[in-house]
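What follows is a set of structures for review.
Look for subunit A in each of the two complexes below; its partner is subunit B in the first and subunit C in the second.
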Partner chain A sequence: VCTSRFWFNYRHVANTLSVYRSVKRLGIPDSHIVLMLADDMACNPRNPKPATVFSHKNMELNVYGDDVEVDYRSYEVTVENFLRVLTGRIPPSTPRSKRLLSDDRSNILIYMTGHGGNGFLKFQDSEEITNVELADAFEQMWQKRRYNELLFIIDTCQGASMYERFYSPNIMALASSQVGEDSLSHQPDLGIGVHLMDRYTFYVLEFLEEIHPASQTNMNDLFQVCPKSLCVSTPGHRTDLFQRDPQNVLITDFFGSVRKVEITAETLSLDRDVPGLDSKFPEEELATEPLKYAEQLPVAQIIHQKPKQKDWHPPGGFILGLWALIIMVFFKTYGIKHMKHVF
Partner chain B sequence: MAAPLVLVVLAAVTVRAALYRSSLAAFIAERVEVASPLNAWKRVVEGLALLDLGVSPYSGAIFHETPLIIYLFHFLIEYAELVFMITDVLTAVALYLAIQDFNKVVFKKQKLLIELDKYAPDVAELIQTPMEMHYIPLKVALFYLLNPYTVMSCVAKSTCAINNSVIAFFILATIKGSAFLSAVFLALATYQSLYPLTLFAPALLYLLQRQFIPIKLKSKSFWLYTMQYASLYLCSLVVIICLSFFLLNSWDFIPSVYGFILSVPDLTPNIGLFWYFFAEMFEHFSLFFVCVFQINVFFYTIPLAIKLKEHPVFFLFVQLAIISIFKSYPTVGDVALYMAFLPVWSHLYRFLRNIFILSCVLIFCSFLFPVLWHLWIYAGSANSNFYYAITLTFNIGQILLISDYFYAFLRREFYLTHGLHLTRQDGTEAMLVLK
Partner chain C sequence: GGMAAVLLLLLLAAAGPGPGRADAGRERRDALREELLLSPLPTGDVAATFQFRTRWDADLQRGAVSHYRLFPKALGRLVAALGVRELHLALTQGFWRTRYWGQPPLQAPAGAELWVWFQPTVTDVDKAWKELSNILSGIFCASLNFIDSTNTVIPTASFKPLGLANGTDHHLLRYAVLPREVVCTENLTPWKKLLPCGSKAGLAVLLKAERLFHSSYHSQAVHIRPICRDASCLAMSWELRQTLTVVFDFFSSGQGKKDWSLFKMFSRTLTDTCPLASQSKVYVDISPKNKEKELLEVSPPPTSVHEAIVQGDRRTYAVYDLLSPSLFNTSRSLNVQLKWKRPQDSSEMPIPTLHAQRYVGGYGLQMGEICTLIYNTHPYRAFPVILLETVPWYLRLYVHTLTIITKGKENKPSYIHYQPAQDRSRPHLLEMLIQLPANSITKITIQFERALLKWTEYPPDPNHGFYVGSSVLSALVPSVTAMKDMDVEQSPLFTSLFPSSDGSSYFVRLYTEPLLVNLPTPDFSMPYNVICLTCTVVAVCYGSFYNLLTRTFHVEEPSRGGLAKRLANVIRKFRGVPPL
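And now, the complex of A and B:
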């Protein structure tokens, strides 16, 4: 989620797109990603290199690419929409790409970036989400069994305040700076004219570029990313709510789509006559004719249900009255003597 | 005189038929100056289509025509072009016959006044002669049929043509002297668009004059005749409205037609003055200003009746013009109707003061209407103020035209009774001023 708009917040969009790119590269498809960008940098009129978002100066890495799928864009990125996505309380008309269709076996990665403060994150320059709201949203998710394990990363000023209030199990959180510290941006690009990335996410991206789907790197390595010497701010993390030891949690558990595949060498026979299971379907039923698709819908009945259009005709009384009046006026004006000529 | 009239009619019909077949027809039909929400052809078709679908045409805010129009076009919709051409021809023929009769009346009156020595001795050049008046009816028919406004109105198939035709028949019936027919046609005209109600006064004055009933408030015969005429008019109006009820078995048409005309909810720009005011106005003033604007149309009747009681046909002309300028949804078809009368007052030409400027204003404004519309709506480089300015200018031009004719008419009447060379008490030449 990128929560800032305006051109000078280019770096927040670049941050989000970098994480998006890594996550896609490691195998998670767009159908499993909800990408929220509060502003359009790639096609911004101030972008001297249109259709690109660079993460590194000298334009080494274009994180925009050519298959970015933004789910919530521009003014759709609001606190309300974000919380609705998390908790699943979404109007029925919302398309699937805008929903978080997770269940109790899903591992969720949430990455947020923008401008924040002690206990809040600013959305769109007009509203804020507080750490209390976020914690409550995660509790709702837990109670609705919407996640198995959740990794929350935030790159804002005083980011650690955002994970202070979490109280639901199985949540691990990382932040780019402690309370009272500012997260700083990495480098400006003189060609584009803005700062391209924030330091923390820059080093996270560098770290993630080394990861491939089979790597065994664990969370402890992620905690070491961006020490104070490089980042100026002190990144923080929180693991007390997490059941497993971070040492045993693979990066690809959250950032990648690695399936657990078990290869077996023995054959299994799927037997029809499983003992103990009565045949509930008598033979006669199975021998009936299979329904053809066309007959399942009574199309013929539906088509002929529209009433035939009847043309409207003026009522007879009206026509009679009108012409009687006209004839009366005619004869009143021209005298009754014309009557015998008419008839 | 029939042959030139037939020629004129043929020429007019050819022009209209040619325009119908050309690509301009679609363009003209959607011009806001020609088609207003009250009389656009598109809405008539829409209303009839709704009726075929089993829905009352008055249920939305689309259709604002009277049930008699529904009845007329239900059977004639395929021949719509023919209907409108025939309507225009009928209007022109009615105006022709009316003005022919009116000329005879003018002569008789003039002769009477000369014999009664009511005229000053040196006004020989102001007296109208049969020679110069011979071609006036033809000119009237020509002015109506070949007026670009009428042609555009006909090509756009705006039902304003039907309204004009009913008013023309009303004028013919009044001038012929038949109170009954005149009341019936006036009722039809009022039934269709509310404003011809104000034509009741000039028609009444003309009929009284024709019956030689003096217009004095104490006179019993005056009140008797007025009551007769008024009751004829009101009865026919009531009968027509009740008959329309039976077309659709509902009174829906009353708020849709009369409520619409009076309360002006649709603020589509047209050549009138209402739309801009009400677009800019705050809600809580709009009722007040609607009342003010509507009263403005009816307001001039009584003063004009007092001033012009000897000249009811001129009064009719001025009243028609006031209706076309101040009505809630004017179109150029309404303007064309009163402009058709201008040849009747061609003897006033020497007294008109601003005729050149006014004709230039009217012509330029007519050309600028589509230009500024295009600039506003399509090019986006102008805004509604530009179009409103042209509307204002056009209406000011019309008002000045009418007041110029009014002044010229009164001046001529004054000269006729007081002589052409007016002198003040000290012998210097005097100038007539309209106060």
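And now, the complex of A and C:
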């Protein structure tokens, strides 16, 4: 989830896209990823290279790529939509790609980046989500058995405050800085004119580039990423709610996905002609007279169009009659002689 | 006996249905035609229009169709489930400058535009419309779920169906425009996935996002409509037409040189054809201007030259048929190059017969004026045009200030349909049929007042402004050359989207610029300020009052003091000095 709007927050979009790219590379398909970007940087009019988002200066790596699917764009990234995706309480007509279709055997990775403070994360410069709301949303997910294990990574200023209030089991959290510290950005690109990445995510990305779907690296290595000498802020983590020992948790448990493939040596022969296929089409009745296209600008028909039905109004005479009645009652009560003065 | 049985079996096997016949039956059912049209524009830019048409001879409405071959399943099921008769969705970035570039083959307004005709069997059209926009937002990764009653209108005269229609009750039509919608790679990716060959073979290999979005105009559209199956038109087929128009800028992509090639535009060349396509062609517009020799030279030499009357004008096209075996004889890849034979004179730019512009007039944050100018540059023919304007509810239009002036005199429209807005539920709809005299400029002005929204209704960046969607001009423009009724199947795809009944004029739909209007925005920190101030005032007042009422004073005994003080007092008593 990237929660920042405006061109100078390019780095937050680049952060999110680089984690998206790593996760896709390690095997998680688009149908299992919900990507929320609060602003469009790639096709932004201020981007000198349209349709690209770079994460390294000198434009080495385009993390936007050619095969990206953004599920929540622009104004759709709000606190309400985010909590609805997490808890599953979405309006019935939401398409599948915008839903979190997880069950009690799913491991979920949540990565959030943006501007934050002590206990809150700012969404689009107009609203915030607090750590209490987030903890409650996770508890709702636990009650509904929407996750098996959850890894929460946050890269904002004072990020550790966001995981202080979690109380549901099986959650492991990482943050880029402690309470009272700011997370800093990595390097600006003079061609594009903005900072391209945040330090913590830059080093996490470097770490993830060495992971492949079969690697055995565990979470303790992820906790060591970006020490204070490189990051200037102190990354923090929280594992007390997690039941397994982080030493035994593989990185690919959350970042990657392996499909089980069964290889068989027997051959299956497919029938080239499926007998019933063509006959399934019902015999179409042909029209008796030729069908025709509509006229695009039927001037005569438009001018003489029947006027649309107006809403029912009481007839004008009704108002007149009502007023006449009022006047008659008035003069009857107060005497007929007043009428002579009127006329 | 055994030999006879074996012979019988062999005979039966040979007489069984061969593979060829059933395939031929299946092949007639759906077909893919693709083409690319390259037209150099008068300003030196070049426009490339891709059209992919999948035609399917099946009835999606009746019977459960479960075997989808070329027609994408996502759209087929959508059409069947929601009772859609026609669907047109366009996502556009940029604006087509009709004045300088000429009439567009197919224009779309900036942002997202969706208009749909439903079948007469649909009972609740609004519910189906809402579901449709949600499903499309998932398929195309666009925020089409923002389409609701505040930006949907029901046009009565424009947007007649482009496919077969049995009667046009406009209550089955819905039209919505989202001018703020951004188009980027995430919209192109699902669009490319709908093509039968994807982006791996055929003309679609040229569609690379990094080049397509580095352009002045990028528009991708999906059109689904029922069409005649053959010339007799006794049965219908469904047509899915995917079009993509991109205009490459002469200065940024062309690096200042007017010579274009496929490699320069798309950074790749054509290598092979899509095996599922029955026709795959590249057309290059080499029409001579002013009836002189061609100004344009194309290489490699085309497979044929085709003349067609497009938009009322005779045009010449160099055709490269990718399915003809002679094309890839010499080299594995096809890189069409266009070179100008002599430098183009900028004063020779032809002016299109119909073009329009729209702008906001006035000053300040209270009132304003929307002005539309429509130009008819035909020297002697007048023709009617329908103007459709959709204005959001927060710009309150004053219809009594609507004026239409042509050549200094008032021009009364033959048909006006105005539906006023309802706050927060419906936008304004203004539709007018105006007769444009020959060689004239028509100015339409209407004044509006800006409303103050509730503070939660402002978007996160309210100082950017609020968009007013493009207005739509539909007109039958008189042709320079009369068009014969051509067989729809043989004519190139770019001539066949708008069905034309009469050869003397052609139908064109133009869009004006979208407007960006500033609304008065409040200071969003005011709620915080008000809370602080109120709490301080209440605390000070209430606190003082409470203290005044409940505080009592009593005398306090001085404390005896610590040990040191008592000793000191004892010493002072001995000295005769008063105690501490």
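Heads up, the rule we're going with is that the second predicted complex is superposed on the first by the 258 of 343 C-alpha atoms of A that agree within 3 Å, B and C clash if a C-alpha of one lies under 4 Å from a C-alpha of the other, contacts with A are read in each partner's own complex, and residues count from 1 in each chain.
Rule of thumb we're sticking to: contacts are C-beta pairs under 8 Å (C-beta built on N, C-alpha and C of every residue); 3 or more make two chains touch, one makes a residue touch a chain.
Here the structure is a predicted model, which means the values were calculated and not measured.
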Subunit B versus subunit C as contact partner of A:F318, first or second or both or neither: first
Which superposed partner A:I327 touches (first subunit B, second subunit C, both, neither): neither
Partner chain in contact with A:L230 - subunit B first, subunit C second, else both or neither: neither
First (subunit B), second (subunit C), both or neither touched by A:V132: neither
Partner chain(s) touched by A:S93 [first = subunit B, second = subunit C, both, neither]: second
Subunit B versus subunit C as contact partner of A:R73, first or second or both or neither: second
Subunit C versus subunit B, contacts on subunit A by residue: C
Subunit B versus subunit C as contact partner of A:L101, first or second or both or neither: neither
Intersection of subunit A interface sets (partners subunit B, subunit C): none
Of subunit B, residues touching subunit A in the complex: 51-54, 68, 70-71, 74, 178, 180-181, 184, 239, 243, 246-247, 249
Sites on subunit A touched by subunit C in the complex: 5-6, 40, 42-43, 49-52, 64-71, 73-76, 93-98, 124-126, 272-273, 277-278, 280-282, 284, 286-287, 290-299, 302-303, 305, 308
Touching residues (chain side subunit A, partner subunit B) in the complex: 309-315, 317-319, 321-322, 325, 329, 332-333
Complex contact set, residues of subunit C against subunit A: 17, 19, 22, 25-26, 58-59, 62-63, 66-67, 93, 130-131, 134-135, 137-139, 141-143, 145-146, 156-157, 160-166, 168, 180, 182-186, 189-190, 208-210, 212-214, 228, 232-236, 384, 386, 414-415, 417, 433, 459-461, 474-476, 498-499, 501, 507, 524
